[in-house]
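Next up, some structures in structure tokens.
After this come two complexes, each holding chain A, first together with chain B and then together with chain C.
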Partner chain A sequence: MLVIGLDGATWDIINPNIARLPNLGKLISQFDHYTISLKQKPWSASVWCSLFSGKTPEEHQHLDFVKDGKIQTRDDVKVEFIWDILDKSGLNVKALNIPFIVPPYNFNLEFDPPGHGVPITQEELNAEIDLVTKKVLNILSQEKPDLLIAVYTALDKMSHLHWGEPALIDYYEKIDQAIGPIIDSDDQVLILSDHGFTDYDSAPIQTLPKITATGNELKGDHHPDAIAIAKNIPFKITQPIDLFNGLYNYFNQGKK
Partner chain B sequence: MKDKSRYTTISIPVQLNEKMKKKIEGTGFNSVSSFVIYVLRQLVSGSPENAKGFTKEDEKKVRDRLKRLGYL
Partner chain C sequence: MNHLDELENKSIYIIREAYNQFKKIAVLWSIGKDSTTLIQLCRKAFMGKIPFPAIHIDTKAKFEEMYKFRDKWAKKWNLNLIIAVNEEALARGVRCGKSNSFDCCNELKTNALKQCMAKHHFKALILGIRRDEHGIRAKERVFSPRDQKFTWDYKNQPPELWNQYRSVSDDETHVRIHPLLHWTEIDVWEYVKREKLPVNELYFAKNGYRYRSLGCKPNTKPIKSNADTIDKIIEEIKNSKVSERAGRSQDKEAAYVMQRLRKLGYM
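This part shows the complex of A and B:
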């Protein structure tokens, strides 16, 4: 099974541009797809943590990338993730570029992300698509993990910096092209985002200041409606913790 | 799909085991084994601080980038 994360992906970009996104369009036309309307704050660190730990923000208490001025690391997140549990049970699980912390977390593999895990320049933003895709395809050419999770994180940064610009649609197009061979490589593929996006002034919650400390203007911000596209996935996600629970139950780990 | 032979038994002092039982109370770890695997994995390769190439200078760069995006 493949779980592909697209950080910040929204139907508001995908649907009106579906003709330019043939791989996503093909999946959507053939398989289940729906909106995950978050009840928790649409904050990447916290939502990715919930998705893969099965715990609400109140339970995992990992609310941001930085706490009291300290960049949070895996050691600061006091939970077991689905990869920890499944690996312990003997399954072959790999996780690539999971952005509940920065730099994003990797499990059972090594990965050097562009931009120190926080890509900002266009070169870095584009590089992440290439590097994540190459890493996934490299893994799949050598083995078939029971569960492979990979996240394209830079779409979030791209959406913050370029919301409303043609460059963002181009970026979605690049991702669509990149994931084509990946989604064809497995019978079970789940594509999902941790939250949606909208223009900064329309966002129900402003997760970041419009003008950052260094004077950059952010044009987009998070929206609580995330996406899910499910190719032969035997569970549905209505809230982030459902992903953990669905994977846990699917891989038959017994009682939680 | 499962391969139990991928795991082995390691002996640790009973006192240490008891201390770890207390340490994981109220955390997401449901057993000492889970906690030990987690700690050892972090020690070997998992945590960014220990990852190859992640230096204090890199941390500064990450901090600067988070600042540019408004996280700091």
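This part shows the complex of A and C:
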């Protein structure tokens, strides 16, 4: 099974531009797709943590990348993730570039993300698509893990910086092209985002200041409606913790 | 020839090659186990007397044990020791552990070294970094050019094929030389043992804790350990799944990440 994360992906970009996104379009036309309307705050670190730990923010207490001026590491997050649990039960699980911390977390593999895991320049933002795709295809050419999770994190930064601009649609198009061979390689594929996006001033919650420390103006911010596209996935996600529970139950029933 | 002899030979060759190319050269000595191993290799390369200075960048925040170790062995080994301190930043009140880690590293380490390099007109520096120490160091070369701003352009560096080091430098750059790049943490400890090298007492466990990597006091945490001998340390490292620099909570990588988050407005 493949779980592909698109950080900050929203139907508000995908639907009106579906003609330019043939791979996502094919999946949507053939399989289940729906909106995950978050009840928890749409903070990336916290939502990714909930998605893969099955814990609510009140339970995992991991709310942001930085706490008390210190960058949070895996050791600071006091939960077990789905990969920890399934790995112990003997399954082959790999997790790539999971952004509940920065640099994003990897399990059972090594990955050197662009821009120290916080890509900012356009070169770094583009490089993330290439590097994540290359790594996933490289793994799949050598083995077929029971569960492979990979996240394209830079879409979030791209959406903050370029909401409402053609460059963002181009970036979705790049991701669509990149994931084409990945989604064709497995019968079970789940694509999901941790939150959606919208115009900065319309966002129900501002996760970052409009003008950053270096003078950049942010154009977009997080929206609580996330996406899910499910190719033969035998569970549904209404809230982030459902992903963990769905994966846990599925693999514990021995349906590999 | 055994493994340690091979490592030693290669390192000594690199050090001699570097000195041959750059007369205005110095070796950085952080007082840790790697750079102390490097000092030993430099001493061996030149029959006991190193013909260039050793630089210690003093942030004024090292452990007391490190200062004692530095002064004792610099004297015994007759080192031409230069202590690089950014007095101007200290006068402005910059202190390790008080400012954010990027600023204090930048001021008290990078700028202290820049000032020292400018004052003494050094064109090359020998450092004790190892490729296995940190992910970003996997891209390092044995001879690694830096530009005037001390920036390392890792995407545009000369190839080193079949050990043909590119030791000749353009005039605008200084070159960093890494004779320990091919060593591992265990190699260093085995060499320390074989050569009976002195290493800081902080590396050995006391009351269930020891330091695996030494840096500035406010930013360096000990690990849980009962390894109070070199053999026990080697055994511990063989069984460890935690990175060597895990105790260096505010190391440079974290500082880069923090700087980038700040650029995006995270704090």
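The rule is short, and it goes like this: the second predicted complex is superposed on the first by the 252 of 256 C-alpha atoms of A that agree within 3 Å, B and C clash if a C-alpha of one lies under 4 Å from a C-alpha of the other, contacts with A are read in each partner's own complex, and residues count from 1 in each chain.
Convention: a residue touches a chain if its C-beta (ideal position, glycine included) is under 8 Å from a C-beta of that chain, and two chains touch if they have at least 3 such contacts.
Everything numeric here is computed off the predicted structure, so don't read it as measured data.
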| item | value |
| --- | --- |
| Combined model on chain A: chain C and chain B, fit or clash | clash |
| Winner by number of chain A residues touched, once chain B and chain C are compared | B |
| First (chain B), second (chain C), both or neither touched by A:I191 | neither |
| Touching partner for A:S89 - first (chain B), second (chain C), both, neither | first |
| Partner chain(s) touched by A:I71 [first = chain B, second = chain C, both, neither] | both |
| Partner chain(s) touched by A:S53 [first = chain B, second = chain C, both, neither] | first |
| Which of chain B and chain C A:I183 touches, first, second, both or neither | neither |
| First, second, both or neither for A:K157, with chain B first and chain C second | both |
| Footprint overlap on chain A, where chain B in one structure and chain C in the other make contact | 64-66, 69, 71, 102-103, 110, 112, 115-118, 120, 157, 160, 208-209, 212-214, 216, 218 |
| Chain A - residues contacting chain C, complex | 64-66, 69-71, 102-103, 110, 112, 115-118, 120, 157, 160, 208-209, 211-214, 216, 218 |
| Complex interface listing, chain B residues touching chain A | 1-4, 6-7, 27-30, 33-34, 37-38, 42, 45-49, 52-54, 58-59, 61-63, 65-72 |
| Chain A contact footprint on chain C (complex, rising order) | 100, 135-136, 138, 249-250, 253-254, 256-258, 260-267 |
| Residue ranges of chain A touching chain B (in the complex, touch as defined) | 53, 55, 59-60, 64-66, 69, 71, 73-75, 78-80, 84-85, 88-91, 101-103, 105, 107, 110, 112, 115-118, 120, 146, 157, 160, 208-209, 212-214, 216, 218 |
